[in-house]
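Both of the next two complexes hold chain A, though its partner changes from chain B to chain C.
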Partner chain A sequence: MSEQGARMENRRPAKVQWSWTNPKARAIVYQVLAIAGVAFALWFFVSTARDNLARQHIASGFGFLDHTAGFGIVQTLIPYSEESSYGRVFLVGLANTLLVAVLGTIFATTLGFVIGVARLSRNWLVARLAAVYVETLRNIPLLLQLFFWYFAILRPLPVPKESLVLLPGVFLNNRGVVLPRPEFTSSTLAFVVALVVAIVGAAGLRRWARVRQLRTGEIFPAGRAGAALVVGLPLLAWIGFGAPLAFEHPTLGAFDFIGGWRLLPEFVALVFGLSLYTAAFIAEIVRAGIQSVSKGQTEAAYALGLPVGATLRLVVIPQALRVIIPPLTSQILNLTKNSSLAVAIAYPDLVSIFAGTVLNQTGQAIEVISITMAVYLVISLATSLAMNLYNARVAIVER
Partner chain B sequence: MNNRFFAFIVGILVGAAALYFVMPGPAPAPKKAQSGPASAQRTVAAASTLSVVLNRGYLICGVSQGLPGFSNPDDKGRWSGIDVDFCKAVAAAVFGDASKVKYRPLNAKDRFTALQSGEIDLLSRNTTWTMSRDTSLGFDFAGIDYYDGQGFMVKKASKITSASQLNGATICTQTGTTTELNLADYFRGQNMSYKVLAFEKNEESLSAYDNGRCDAYTTDASGLHAQKLLLKNPDENIVLPEVISKEPMAPAIRQGDGQWEDIVRWTLFALINAEDLGVTSTNVDQMKTSPSPEIKRLLGTEGAFGEAMGLTKDWAFNIIKAVGNYGEIYDRNVGPKTPLNVPRGLNALWRNGGLMYAPPIR
Partner chain C sequence: MASVTTAAKWLRRNLFPNWWNGALTIAALYILWISVPALVDWAFIHAVWSGEGREACIGPDKGACWPFVTANIDQFIYGRYPVEERWRVDVAFLLGVVGLVPMLIPSLPQKRWNAVYLLVAYPLIAFVLLVGDRPGLVRVDTDLWGGLLVTLVVAVTGIVASFPLGILLALGRRSEMPVIRALSVTFIEFWRGVPLVTVLFMATVMLPLFLPEGVSFDNLLRCLIGVAIFSSAYMAEVVRGGLQAIPRGQYEAARAVGMSYWQTMGLIVLPQALRHVIPGIVNTFIGLFKDTTLVLIVGIFDLLGQVRAQLSDPNWAVPQGAATGYVFAAAVFWIFCFGMSRYSVFMERRLNTGSRK
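Up next is the complex of A and B:
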């Protein structure tokens, strides 16, 4: 400590007068002491854990990640078999968790905005319904809701042999939704190229229209023209080169459909439950955000002759977003962390298969739980960072 | 945005990881340097489990969250079952009073951590004795108190009569058990495909099977018989004849406390020996005057076998008086007079064609 203090003194001898009465010097001493304290506590915990594990003959270290897992997983987004390693199980679980988190975030945010705006609707019925939705869903524990949706989805559905046919080749039964699996054909490339060209073209068009509007004041319907381009060009490619995708249709086996893509009921129930629950909180945040923009702003916009849509888009929402983004970030983080309830309804997320099955088979609780905690921390920090960057963009720019 | 906070958190994480990798084996703490070789450290492990239990005044026993026949609470919260009776037997040996037990219901996932961390003194929770659990989890298993094996249950309507017809089936089970591995091994061995749905709790797993989410439900055969009774229509389900694994159920204790290990192990042997010698909870008082030297040693009227483990002479007498011998425990919990009605099979005494055999008290 004295060493570090001395080094600091050397670095800037002119600034800090070494005396106990100098608040600057005192502050440095306290900070050095605090850092040393944290470092010591860290060292103490890690070394104690290692000692105790060794004394109790409990295996430790991260070597187990290379060992063969030997158990099956019902949903794998990346190639996996029973011969894969525990490290692979970790990746499978991580991918499943991220899938739920990303889809849940998209659905919850969309639904939350709709409900939040609906709560402010002048239509009495719409506003009341939105209020009932919010008050019901955010006041019932999420775990109960997950069980409810899971068994509510599962019970009425027929067995695979009596599947409901939603569309040709799309079946619904108590094993989930079975879809034809798309496969690439020789004309896939042409279709993709057409799509990319159309998107780039639409973006260019939008830019050009904007510049022209700023210059001449004339409005060009860039949105509609862009949409026509994005739909039209790939359609031409389809007509010219043939269908971009072929479909492998699922066939009914002894127990279940074989082949095709499948949405598991566990997955659907989890995404559904998480989205509906979190949307209730987001709706309140959106409502608060919109209400924070004073009515005078809207009136001023109308007085300038802006239409309703443009008023919302250009005046109200940009100001509301400043209030909405920070608490919205918290809700997205909550949704991600709540996805760990998946284990209750057998969705194979990170906690279920890694902090569950792997932990149980290897018995290495400290390693597995620290990895799992670190993963959630990293996901949360990354989400938070992204949202903070977005927030910086929408925040008030002082001039 | 609080960049310094991010940096702080990341710093802590990196620091912890670095420490973990850098430190070679047990940390070079000054205290460590004076302590002797590994064998010496074993004996200086924390206070012995027996003295902890005696000071506390009761035994903390890890059991299941509800498995009829093994450990199951009734509507008044009273526990019963083979695993529960074993907890009572250990309490009777230690305190002379079988009621001095507190039960800690644990799910399959958390049970090992609970034992490792010292939250429980004894894990008596239909736990399979496997090599990896014995060697790398820091446990010792005291002996086998129930021979089981994994089986399947299916709906009668499915017309399935053998596990070999399960190719492509979806199977429900509980996460954190040996069943997931056995299942994978069996299907890989038979070159069949399957899908596994692993729930955290048995209740949800069974409910999902009952609702048709799975074609089959798998767990240990004894558990299948018990859980079948919990279904909506038990008679519409059958347990398939195949047993796909060996599941020797064994009480587990933390490794490194030889005295406690002896107590738990010999409690089990006393139960089996009592059945072997015909000593029951009803005749144990008369048996005290039996001329047989084996019975005398068991009941503590000759020798001081209990004292060698830090217990009293009449440790086994107390066990048998409180819970009966192994056969009585079996009959009371899973035998023919119970709804489970599991045949003795491998769990019969060695002289009756089973595997129950205990070393002599001598």
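Up next is the complex of A and C:
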């Protein structure tokens, strides 16, 4: 009580002993100095920036976002023309960045898990190959790998007329990859509706099975039934509509392919390079996660009579994921931030067209760079927040 | 005879224990069969090994164009650093090696003075040697620097600057003073949340607007500042991990014997904390070393930038030029990064056995 009382008293500023030997007084002095230092730096930079802008006649403020951009962009996911505004350019760049980030995350995570598991394989050759992959890719700068894929592999490819045929209907040439485009018909709609219904149904089934198992102890194979539902229902819907396979196949015109889906070589190089590079890091994380689950856990599960599959699913993977998720998140964030290297191979991402072209045209460096940085900050903070929530759910509940 | 059966046993156990693993082995063998011969063929058998200019490398069925590398090797190392002054780069490099090698061998004594030399004296000596502008040394402006020289300058400056800065930030983040803590957290999270490319853009196009008229920085120096600040934020998080691993009792015991804050940190906590996170620190260094390539985006010619520059030389416009140049650069980066990661594994093992004893 008396100790607490003393601390309470010390917290009141009036009672602080103003002596250099008192740590509390010193702490206050340090903090006031720190605030003063930061405030002075801010004042200094803001006032010099204002003088510089006025002297160089650079406009300030965000009005430029409404001005007409007047340049074309090679890949636009949302409607855009040369008459569109700089604000629209920002949105186009953001969409392109997010596209690369999402696709890269999917590929890198899948490949990373496969290679991480392969590194722990009992198969000597498979484990060695995975190790060589990881040690090669993660020790070479990403930018260099992007240059390699783009300048040394994709750009010297033959012209469209002599395209390499990867799969029937899929062509690879110096203008990128051309794919058949699925056409949207009523059967596509039915397929999508059936898929959504099946996913919702499978989730409901799983819930019901768990509740029933808790109540009665009976096991219902919810995983297999759900998988059958997700595959079967859309398939049924598709066959029900007469199984139409509506693809718009690309055809070779005089100089280039007409129709179909076209992926820019810059896009292919960026997604490919980012995925391969990040997969090497994810593989190491997955390996460490699986190794962190002690052997006793697996042995105990076998001793209880759990089959191999159930041991993996119910004992090893949940515990490994707890170790894997936090560093995996930071790798996905790294991938998102690394997608800004697009600027070096001229893929029109946020940095390339907004912090590059728009900045050059308007000269408003402060506004443009601030907006660009803010976007990445928001993505980083939002992802960390989402992952922290997930982490709190899977973390060990200690009594 | 016996060795044949052991080999067969080994094969059976490690490659064909069951049908599933057998299939995997065959798939792996197939991958090797389509990739390794093609690579060997490109890099050695059909490669061009000698020749004066691009003519040697032109033609069908030609592999790697190694004369491109041998003819440009000086540019790849020194950039446009004047030929008659290149000995200064060599001397600076040798002085660095002389300081670094004894530092890396744990059994050698006098680590403290070695560290002082590496972290304080060497950067000054190297700066004077490389920049010059002293009696007897002609000034060499940084826009003439290039190649591996710039890569190493950026990496070494980044490492030397980010290490102490990162430790200070980590201490700040765990400080009991709320203002210091808040400032450190904001600083760290801000720099960790943005890509290095935008930081470099900021350093090159935005920073000049914030400086008074007449004050201007060298372009390379601006990038160095950007890289150092950026990596110090990552270093801070690594060091924080080490600080958190130190039990409270260590802090309390140091306080109990009357040590001040800086004595506690410098003599008790940091030596233990840093030892815990050597792998993390080396990983940050490796990341920093790879990130040095990004300076080419803002117009500085590091090793990769120099390779690109030589590739655009019409005298060397050959079909396999790009592949050859990038494979060469990749090999150089790989040797540095792989070396660092092996060293970290070595140190980790050494420290582990030390504490297990």
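The definition used in the following text is that the second predicted complex is superposed on the first by the 283 of 399 C-alpha atoms of A that agree within 3 Å, B and C clash if a C-alpha of one lies under 4 Å from a C-alpha of the other, contacts with A are read in each partner's own complex, and residues count from 1 in each chain.
As a convention for this text, contacts are C-beta pairs under 8 Å (C-beta built on N, C-alpha and C of every residue); 3 or more make two chains touch, one makes a residue touch a chain.
What you are looking at is a predicted structure, and each value in this text was computed from that prediction instead of being measured.
Shared-chain residue A:F71: touches chain B; no touch with chain C.
Touch criterion not met for A:V308: it reaches neither chain B nor chain C.
In the superposed model, A:T362 makes contact with chain B only, not with chain C.
When the shared chain is aligned, chain B and chain C each come close enough to touch A:L381. When both complexes are overlaid on chain A, the residue A:N338 reaches chain C alone and has no touch with chain B. Legend: residue contacts after superposition of the two complexes on their common chain; A:Y30 is shown touching chain C, with no touch to chain B.
Of the residues of chain A, those at positions 38, 51, 53, 55, 58, 147, 151, 155, 343-344, 359, 365, 377, 381 touch chain B in one of the two structures and chain C in the other. Of all the residues in chain A, the ones that touch chain B in their complex are 38-39, 42-43, 46-47, 50-51, 53-59, 70-74, 82, 147, 151, 154-155, 159, 174-175, 253-256, 258, 265-266, 343-346, 348, 352-353, 356-357, 359-363, 365, 370, 374, 377, 381, 385, 388-389, 391-392. Touching chain A in their complex are the following residues of chain C: 14-15, 17, 21, 24-25, 28-29, 31-32, 176-180, 183, 189-190, 192-198, 201-202, 205-206, 208-213, 286, 290-294, 296-297, 304, 308, 311, 319, 322-323, 326-327, 329-330, 333-334, 337-338, 341. Against chain A, the residues of chain B that register as touching in their complex are 1, 6, 9-10, 12-13, 15-16, 19-20, 23, 25-27, 29, 32, 41-42, 45, 108-109, 112-113, 116, 132-133, 136-138, 165, 167-170, 172, 175-177, 180-181, 183-185, 187-188, 194-201, 204-205, 207-208, 211-213, 215, 254-256.
Chain contact summary for the complex, chain A toward chain C: residues 27, 30-31, 34-35, 38, 45, 48-49, 51-53, 55, 58, 121-126, 129, 135-136, 138-145, 147-148, 151-153, 155-156, 337-338, 340-341, 343-344, 351, 355, 359, 365-366, 369, 372-373, 376-377, 380-381.
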